[in-house]
Each structure stands twice: as C-alpha cells, then as structure tokens.
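Look for chain A in each of the two complexes below; its partner is chain B in the first and chain C in the second.
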Partner chain A sequence: MTIVTGKAEARRKSQPGRSGALRNMWEHRADYAYVLPAIAVMLVVIAYPIYYTIELSFYKTPPGLQLRDKTFIGFDNYTTILTSEVFWKVTWNTLIWTFGSTFISFVLGFATALALHRDFVGRGILRAILIIPWVISAVAASYIWKWIYHSDFGIIGAVLVGLGLTDRPPNFIDNVSTVLPALIVVNIWREFPFAMIMMMAGLQTVPDQLLRAAKVDGANAWQRFWHVTFPHLRNVSVVTILLLAVANFNSFIIPWIMTAGGPSNASHIWITHIYELAFGRQRWGVASAYSVLLFLILMMLGYFYVRALSGNERKEGGA
Partner chain B sequence: MSTIAETASRGQIRRRMRVDGWRWAGRIFLLFMLLYTALPMIWMLITSIKSGFAATQFPPQWWPDEPTLASYQKLLDPQNSVGQDFLRFFWNSLFVSTVTTILSVIVAVPAAYAFSRFTFPGRNFLFFAVLLRNMFPAVIFLVPLFILMRAIGLVNTHGSLILTYLTFGLPLAIWLLKGFYDNIPVQLEQAARIDGATRFQAFIMIVMPLSTPGIIATAIYSFIGAWNEYIYAYTFLSKNDQLTLPVGIQRFFSENTTDFPGLMAASFMMSVPVVVLFLVLQRYFVRALTEGAVKH
Partner chain C sequence: MTRIMLGSAVLRGTVVGVLAASLMSTSALGAPPVDLSKWSPEYVRSIAGTQEFDTAGDCGKVTPLDYKGRLTFWYQGVFEGDPDLLRQYYKDFFETFRKTYPNIQLEEQALTYNDLLDKFRTALLGNAAPMAVRLQILGGTEFASKGYLQPLKPEDVGYSTEDFWPGAMKAVTWDGVTYGIPTNNETMAFIWNADIFKRAGLDPDKAPATWDDVVKYSKQIHDKLGIAGYGLVARKNAGNTPYRFMPQLWAYGGGVFDEATANPTYKEVELDSPQSKAALQASYDMYVRDKSVPVSALTNQQADNQPLFVAGQLGMMISHPSDYNVMLDLQAKATGTDKEKAQTVIDNMRYGLIPTGPDGKRAVVFGGSNIHILKPEYVEGGKVDEPAAKAIICMWTSPEWSLKMAYAGSNPGNLNGFKTKWMKERLDHIKFLDVTTSMLPYGIPFPALPESPEIMNIIVPDMLQNALTGAMTVDQAADDAAKKVKDLMGGL
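Here is the complex of A and B:
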C-alpha cells in the first residue's frame, strides 16, 4: 500500500509547474474534510504555542506574565543559559537519565518478551501483572516508591538493616550520589512493560519456519536468536528505543513529585528545570529559550524517528 | 556400535540440558521481574490497611498487627472533608477523561480513515507532522497555552484540560486507528459502493463496525492518558473544587505529609479504574499498539 503511495507521489512530482500541484490539491479537496477537525485543533493548540515560545525566547520578560512589558534582547537568553553552570549539570543529568532509563528498560523488556514467548501455564496472568505499572498513574507510582525509599520507615532500608548490611537505613533520595539511580529504577519500573509489549508483538512476526530450519541445520539457541530472531526485530527495536528515549527525555512527573530536582539540582533534568524556571522563578524568557533548544534536539531525534519508520514502510512495501 | 549410540545419546542429553539451561534462566528472570513489578504494589496495599501508627514503626510490620480499612473509609466518606475532597477529585477526573475520550474518538476516526485510504497531496507530510507532535514535551506548550487559555477564559475550567488532552491525545489515536483501517480490505467498501452506497454510507455501514476493536482501543488509550495526566492539570487549575485526582492527591498530601496509609489508599484507588479498564479490555489494548507500531 505504502509503496503505491510513494510511486504516486513520484509521478506527481514529475508533473511540470505549480498549477499541477494546485489542481491536484483541488481535485482532492473533499479528502481534506476528513482531516480538517484534527488539523484545526492542532493548529490552535500546537502551532501557535511553538511560534509563541520562539518569540518569547528573544525577550526579557517581567515576572507575573505581564507580557506587554517585555523587552527585546536578542540572543541574551541563550548566552545566559549556555554559560551557566547549572545548564551543564542538568544536561549531564538528562543524558544519564535518558540513556540509563532507555537502555535498561529496553533490555529488561526485550528479555521479558523472549522469556514470555514460549507458552506456559499462567502466561496470560503473568503478562497482565507485568504491564500494570505502565497503566497506573506516574503520580501514584512516584508516591509508592517515595514510600519505599523513605529514610525512616522505607522497606528497602529496613531490609538492608535486617540483613545486617548497614547500621542505619540509607537515605536514597536525599543523597546527591544515589538520587538519580534511585529515580531511574522507578522510571524503569514504569517503562519496561512498554518495551515488553512492543517486542512481544515483534516476536510474533518472526517466521517459525526460519527458526525450525535453523534448528534442523544445527544452530543452537543463541545462534538462532542472534542470526534469525534479532535481525527480524531490528526495526521494531529502533522504533521502541526511539519512543522510549523521547518519553524519557520528556519525563517530568517522577522527578518532580519525588524530589522536585533536589538535592542541590542532583535530580534536575531539562524538563523539570524549565518548569522551575518558568513557573517557579517566573523567568519566562529564559525558560522559552531553553524550550527552543530542547525543540531543536527533539527535531534531530525526530528525524531519526521518521527515518526508522519510513525504513519500516519501505521494507514492507518491497516484501 | 554401542559407543556411537552412547555418544549420540549423550549429545542429545547435553543438548536438552543446554535448552533447559536457557529455559531455567528465563524462568528465574521472569520471577525476578515479577517481584520487581509486584512487590511495590503489594507494599502499597499492605501499607494502606495499616493505622498511621503502625505504618511509622521501625522495623516495619510486614503484615499489620491490626489490619484496618479506616483509610479507605475516610477517603470514601462523603460526610467528612477528606472524603468530600477525594470524591470530588474522583468525579472531576472521571468527567474530564470521559469527555476527552468521546471527543477524541469523534475527531480521530475520520482523520485516521483519511490517512489510511486517501492519497491527497500533503498526506505524508501531515501524517509525519502528527507523529512528530508526539515528540514534544508538555513544558514547551505550557506557557503559551496558559496565556492562550487565559485569553479565551478557560483557565480554571475543565474545558482547558479537555481541549489540551484532546489535542495531545490525537496523534496517537490517529496512529492507532490508522493501523486498524489499513487492515480492513478496501474491496469491502468498493463492493458496497458498487451496490450504490455513497462513500460516507460505506464508511458508516462497513468500515465503522469492522473497526470497533480499534475504536475501543483508542478510547482506552485516551481515557488512561487523560486520567493519569498531571502537568497541565497542575498548571491550569488552582481552585480546590476543580482539581483532578493526580493533582488533588498531591495537594492534599503535601499538607498531610505523614499520613502514609491514606496516601497509599488514595494511590490505590486512583489506580483501580484504569487497571480494571485495562485488564478487561487488554486484548484490544495490546493489539492496537502492535497494529500501529509494529506492522505499521
């Protein structure tokens, strides 16, 4: 289907002149009616805010959103950001957070999908239980884990003391060096089920005949996985990893509720930092400049995302 | 002869052992993941049936000496102020999520159908624009949306949330539904049109019934997304009687920081509707994701 679209477009492009394209649009005018409601809503709520954020990033803004009093200052907001120490600290945190969460969630999810691939008694129930963390609210998840990590009455601390590993229960989320890993554990808890579902779906597309043929030819389990299953899953993996990376890069609730960026910025990531700049310290201009930088980074990620998706399409169209 | 047979059978045994090794590794791994997933939820439940005193003891009571449902009674009792607030938050969440869900199905169905069936100029561009939207974080939109909502007088109303959730749920909803429409053979519609149906009639009478699973899945996604959303609700609403559950619970427990059983009971009850919805309609839910993302 998609390959047909591609060809049709190529033919369209070869038509000379702009009137051809316009005529084409006119001929298809009825088709746009179906998309119109979606486009209209998105223009108001998406396109306008993006434009406004870019504009605001070049202004010095007074607090309290009295935006008539803003003054144009060119790229000053951007230089303020790039020369501040907090920026690099927060960027480093964001990198650890995004890569750590994405990589471990993907590996755990993939491994779980593989282990669940074979049928056994209770598989359906087990799968349902494993998906639940992904369904419940991140706010609830944050509170559950905050309670688990609690410095006085937390269950992890109690277990560690009970086993004689420490004298006092450790304080995971008030400690500069442990807070980020502790939050990543929470994030993975919520996210690995997503990777699991995606990879389970991917596994179903691996043809059984190929696996059986490989077995007949004497390939062991690892070889079958590495040479047959894994190549088949490359595209699903890329899409899953990109979706996870974007979601992690954009996550807000877990760090915000559990630590609000503390202690001393050790768990601030870009999003929480932007939020604090805008709504906490009311520095709208700087926060907007941050958003624009974020936007540029995400556009880059988006480029790979689209390329991975269209790679999928091309492959399937050809097959 | 016998030695050959012996080595052969030994080889077989070794092979079976190796296979068993992988299988055992898989089982142990699954057990580990089950504990990682379930233990926090179990601890939430156990804490929620403790008294405030029992929850704050060290070492903790693994099972409460005197289990009590007091926290749940307090939250669900319309007579006292805590219960009033909680029930109101619950109702607000239910209202916002339901309206969002209905609207997003109404808007997403025709759009997804168009993306699946028609090849109008700009179709691919529009589709990727829809997908790309999914990449941008809420924070980018917060300030301008806040100003926009203030300008059109929607701040502190549920309308602001519904409009926002609708927009941000749409890309995913369209994507999921498109996957379903792609799998419905065009020939069915063509047959109907040969029999004299208009395109719209064919859509309503042939395509809609066939895509019901997709619509259900999309509806669950919208509902869960709206139910769990936090950041816009946190920013747009300030009046106590309009808060949705995630924000309401956060507000409440930033004032009552030591009521851990109450907090866990509230977290549990906030999770119940979406988890039940998910467990009942799991089939559609998982299928939609795979139709949309994997097969694409």
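Here is the complex of A and C:
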C-alpha cells in the first residue's frame, strides 16, 4: 500500500509529467483545434520564411546564377557584412532614423495628447485634423513631401525665396547632410498622431480624484504631471515607444520612394539596403544575413514589448 | 514650329562610323527587308507606306485564330512620362488581340520600367512567373543566362531574324542561342528650347555640337536667365539615368567595358579610364561647379524634367520624340497664363542630334524591349501555353503592332514596320521623329551581360551620385565604380 502525503500530491499536480501534459492537451483538445488553423497559417507564412531566410544566409548566391545553384559558405556572409564599410554607414543611418523618429514622434505625440486632454472649443475637430497624417497612405505622403521638399520647385523653397529669407531654395533631399533629417521629419509627421492616440488613451486612465487630491495638497501643474500623471502612463509609454521603434526599424516606404536610399547612400537604412541587395543586386545570401540580424534586433524589441504588456496585465490584475 | 533641317551631317552620320557598322552589319545575317546601308531620314520616308500586311492572317498561320487556351503575360507598359497617345495604342492592342483570338483567355499585367525587373525576379524565385514577358532590352541576357527562358527566335512566330535590327538581336542572344524577339528599338535625341537659347545669347537654331558645349551652354543659360540649363538625371534604380549618362560617357571615349567598339569583348573595365573620368567631370562641372542643372537631379527622373521644360524652366534635355506629345498633353492640362507659357515652349521646342565628344564621337543608347517565353518549371502552375504565347508574340512583333506600340516614342522592332502605312502617317504626325530615327546608327546596346542591370541601374548612378554630392572626388568615384564592376564580374 502506498501512502501519498498531501504535500507530495500537490507537487505531482503542480509538475505534471509527460503523460500529464499529454492528458492536459487531450482534455483541452477543442482549444487546440480552434487555434490549429492559425498555427498552420503562421507556420507557412511566418515560420517557413524565417527558416528559409536563416538557411539562405549561409549560402553564396552569385547574381549570375539561379538561386538553386547556391553554395554553402558558413558564416562568410555575416563576416562580409560586419567588415563592410557600407554596413556601418547604413547601421548609423538606421540608428539615427529609428531613434530620431521614435523619440521625437513620441514627445510630440505626448505633448499633443496632453494639450488635447483639456476641454476646449474645437477639440474634436483639431483631434480629427491631427490624425490625418496617420491615415494618409505612406506612398501618397511620400510623393507629396517629395514635391514639398523639391530642391528646385518645392513649396518650402518657394516660400523661403518669396519671403526673401534665401536666394535659392534650400536643398533638403539632394544633399548628403540634410537628406536623412528631412526624411525623419516626414516620418515624424506621419507617426506622431499614433503616439498621440496611444497617449490620449493612456490619459483617460489617470484617476481624476488623485489629481484633485494632489491639487488640494498644493502640488503645482508640473508636480501633478510628474508625480501623478506620468507614473500612470509609464507602461503605455513603453508600449508606444517600442511599437514606434519596431515600425521605424522596418520602415521602407518613405525612404525608398523619396530617395531610393540616395544620394550617395546617405538615406539608406537597413531595410532599403536589404531590398536593394536582394531585388536590385540579387545577393540573396547577403541580404538574408542582413535580414537575420534585423530579425534578431526586432525580436529583442519584441521581447521588451511583450514584457511591457505583461507588466501592464500583472498590474491590472493586482499581482 | 520650325523644323530643324539636319543637313548633310545627318546623312554623313547615318552611313558611316564604327557604331553604325556594329549595329547594322548584315553580312552574317543575309538581306533585311529594308536596306540599312541607305538609312537616312529621306530613305525612311521613301519606304513608308509601301507595303500592306495582314497581321491576323500572318499570326493565324502560327497559332490558329480559333485556338483555345490561356495565357499569363507581363509587360513593361506605359508610365507617367508617356503621352496619352501611347496609352490608347496599348488599349487598342489588347482589344484587338482579344477579338483576333477570342478563345484565348489572356491575363495581362502592366508594370513600369523601374518595377518590372524586381517583380519578375521575385516571381521567378517562387516559380510564379508569367508564361510570357516583355522586358526592357537590359533584362533579356540576365534571365537567358540563368536558364529561365525558352529558346525563341523570330522564325518561331513566322518572321525571319533579318526582319529585326542586328544590334537588337544581340541583346536577346546568349551563348549563341536566341531567347527572345525585339518588340521595339529606340534611340533618343537632344531637345532644346530655342526661346531660352535666344534669351541666353545662344544661336536658337543650333544644338550644342559637343558635350563640352553642353556644359558651356548650360552655364550660360543659368547665369543669364537663372534657370536650369541641362536636364541632368542621376537618380538611382531608374532606367532614365543610364540612358542619359551613357551617351555622354561613350562620346568622351569611355565606357563600362569596350561596349562602344565594333566587336566588344567586355573583358576590360574602363570606367576608371581618363575618358570615362572626363565624362564624369563634365557632369560634375554642371552640377557642382556651375550649378547650372536642376539641384533635384539626384532624385529626378525624366518625368520630373518634363514639367520643368514645359514651364520654361529648363533649356536642354535628352529624350524621345514622344516628349513633344507629352508637352502637348501637359499644355492641354494647363490653365490660364500657364497654358500660354506652355504653348510658347512647344513652339520653341527643337530636336537635334546628341552632341559628340571631343573627338567627334557621337553615341546614344540603343534601347528597346524584347518579348520572351518562360520555361514551364518557373511558371505558376508549371505549364506554358506555347501556342497562346506565340500568338501574342506574333501580334506584338508584327510590322503593324511593333510600329503602333512604338508610335510616339520609339521605333518598330520589326523592320517591316517602317514600310507600313502607319509609319507614313506617323512621320506626318509625330514631330521630330526623323531626328531620333537618325540617331539609330549611333546606337550602342548596353553590354549583353547578365550583370548589366546592376551595372546600369546601380553602379553607374552610384558613381554619379558619389561625385556630384562630394562624397567622393571624380577620380575616386570612377575608381570605386570600376572596382565594383570588377568585383561583380569576379563573382563577388
């Protein structure tokens, strides 16, 4: 006769063995069946391309041959990338692009959200207007901005010349020094409404009674913001920043349409460079290695994003 | 509008020279339907409208008109820089094809010049290509060398090889096998605004004779009138860039390889030669030293130059005869005083031969497009309906349609197109056609190498941008580009 203590039984229940896990799955077979189609689709459209990209990154794919004629070269593509001058230039551009766009979009979006949080006449209309850049197609926006910036006949140039502030229209996108900041401005213009919406939603969650209590206690506007509002927005801020950062790392349309990475590679960021390597120059192996590196970076950001979300859930659940 | 009389220079130029010999050599190919050795504007005019062709009848012999099948077909179609006239002809072609072959289910897709190669390459990787494709002249060799295309020669669709430009046939030949048929072939010409020339103190009826003159004229126009002189184009990944820079490079005696010689071997890279550097220096002088060209040249395509030209803000550019029709289209869309200004520009639009280099060498890109059939294993569904593919190829490369589809901007790939009544009509309706046609003998095909698209669309524009932005000196930019080509050819 076996005597099972209550403690041992609890341990067995909390650490199910293989048969326990299978039993558990069997008991929840209906749940698995519901998610199976989604998992199957993800395996086909996400998992396989990721696997194939990783595999391809270990092969040399000469542009003059078909892809099936590739040759295994181990980590050579990664070595080639990390030792090339272009990689560091493009990486630097990507960092400026991502951090510049993300940080300024967030600050601007947050500031706008705070301004729109107060009740004033026309607030609804203003909110709708400010969302427009976000809902406009990025392709259309890129073409519009290309003409706004046009180095010979752009609107900005015409206004500045008209006001007598400059003799010639300023050269924004045909200049290696100014092209990236100019593109970042366009990106911010398109993205800050997203940050604004997220932060406006976050502001709704700040308890009014806390703000009123702080006011009664003599806290000034800055102190109320810093000690009451901001702590409540910390998690939504992290999520917003991470989402913006991921979107910016992957942002292709604006730089590609406006400058195609030029002039002289000054506006090439990782994603445009990968596109050119793969589809323009057919270096599938090198482009795949770049993509794997980009994937790792984005996975890292994704990890922090999930952590931030679970932090929110724990907090909301009172854990 | 004053028509520029080309005079004896054209006649001389059309029958002599190494380039002409390279392009028109018929010794190995037998007799073409038109006498290429007599090529001149007058000769072209004399043969126009001298022969009737029955397109449906001819193609019916290749693929019966009641044939039942299905065809997927991608083609480089019209884009924003093309005139409305061309759009109508494309529409007419597909309507006519459907009427002629009512039982062929045609699924066609038009793509722009700059998008087609990328999309086609991607489709090939996934074995999802169309059954037939019409590609820019630059692309044929790349895909033939990789084994994606089926052998296809004019004889397979009822024509003979001699019906097509020998230079164009080179671009569809790889390792001695023909993999496609030319649909159209083109050479551009030099365009200027006579009114701007006059106001800048230049002879309004005389094009710059040399590229050095272009640099001088551009500066003079800019200095006197404050507008851009020459419509430089240096955008990356855009076909317009090599089409405008290569004539300059070749005229100075340079080249990527020896493609400008009669029998190119493509062995030695010449982008870093003193002649190539001189050509790059000319662009540098206009953009950086004189600031006499649009600042936006680094992001511009020819479609961006057209509105500048019609607005009277640009003195000179290189383009097709179709640009005259584009100006008419733009003028029709203008309102108020803009309409009058545009009319003044159109009245003062002049076409001439592309300038020569310091040694009298004149060159232009021998461009165009070819049509191909894919191998079944790379096609969606794994099957190619060959009779259906041959039906559309026969029709597109027929004298009638190869002329009509090139009506405003190009020339028929099938030389018999020059004999049709539509050619006669076209000579009367399309201004300056004789000028661009006169440039054909100076045409140099891009190197018939699989690496050509990367060289022309990426390496050459990069070289220009590196020099023009000051990222590198002219010497460094040329050396860097030469190294990139050497690495590319070495398989790196």
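Points worth noting:
The rule is simple: the second predicted complex is superposed on the first by the 301 of 319 C-alpha atoms of A that agree within 3 Å, B and C clash if a C-alpha of one lies under 4 Å from a C-alpha of the other, contacts with A are read in each partner's own complex, and residues count from 1 in each chain.
Everything below uses one rule, namely that a residue touches a chain if its C-beta (ideal position, glycine included) is under 8 Å from a C-beta of that chain, and two chains touch if they have at least 3 such contacts.
Remember, it's a predicted structure, so these values are computed and weren't measured experimentally.
Overlaying the two complexes via chain A brings chain B and chain C into a clash. Touch criterion met: A:I148 reaches chain B, while chain C stays clear of it. Touch criterion met: A:V306 reaches chain B, while chain C stays clear of it. Once the two complexes are laid over each other on the shared chain, residue contacts for A:L126 go to chain B alone; chain C is not touched. After overlaying the two complexes on the shared chain, residue contacts for A:G280 are found with chain C alone; chain B is out of touch. Measured by the number of chain A residues touched, the leading partner among chain B and chain C is B. Residue contacts after overlaying the shared chain place A:A266 against chain C, while chain B stays out of touching range. Touch criterion met: A:I136 reaches chain B, while chain C stays clear of it. On chain A, the patch touched by chain B and the patch touched by chain C overlap at residues 65, 67, 150, 152-153, 169, 279, 284. Those residues of chain C whose C-beta lies close enough to touch chain A in the complex are 118, 121-122, 125, 145-148, 228, 234-238, 294-299, 308, 313, 450-451, 454, 457-458, 461-462, 465-466, 468-472, 488, 491. By the touch criterion stated above, chain A contacts chain C in their complex at residues 62-67, 146, 150-153, 168-169, 171, 173-176, 258-266, 276, 279-282, 284. Of all the residues in chain A, the ones that touch chain B in their complex are 1, 4-5, 8-9, 12, 21, 24-25, 28, 31-35, 37-39, 41-42, 44-46, 48-50, 52-53, 56, 65, 67, 108, 111-112, 114-116, 118, 126, 128-133, 135-140, 143-145, 147-148, 150, 152-153, 155, 158, 161-162, 169, 189, 192-193, 197-198, 200-202, 204-205, 220-221, 236, 239-240, 243, 246, 249-250, 252-253, 257, 271, 274-275, 278-279, 284, 287-288, 291, 294-295, 298, 301-302, 305-306, 309, 312-313, 316. Taken in their complex, chain B has these residues touching chain A: 18-19, 22-23, 26-27, 29-30, 33-34, 36-38, 40-41, 43-44, 47, 55-60, 107-108, 110-111, 113-115, 118-124, 126, 128, 130-148, 163-164, 166-168, 170, 174, 182, 224, 227-228, 230-231, 235, 245-246, 249-250, 253, 260, 263-264, 267-268, 270-271, 274-275, 278-279, 282, 286, 289-290, 293-296.
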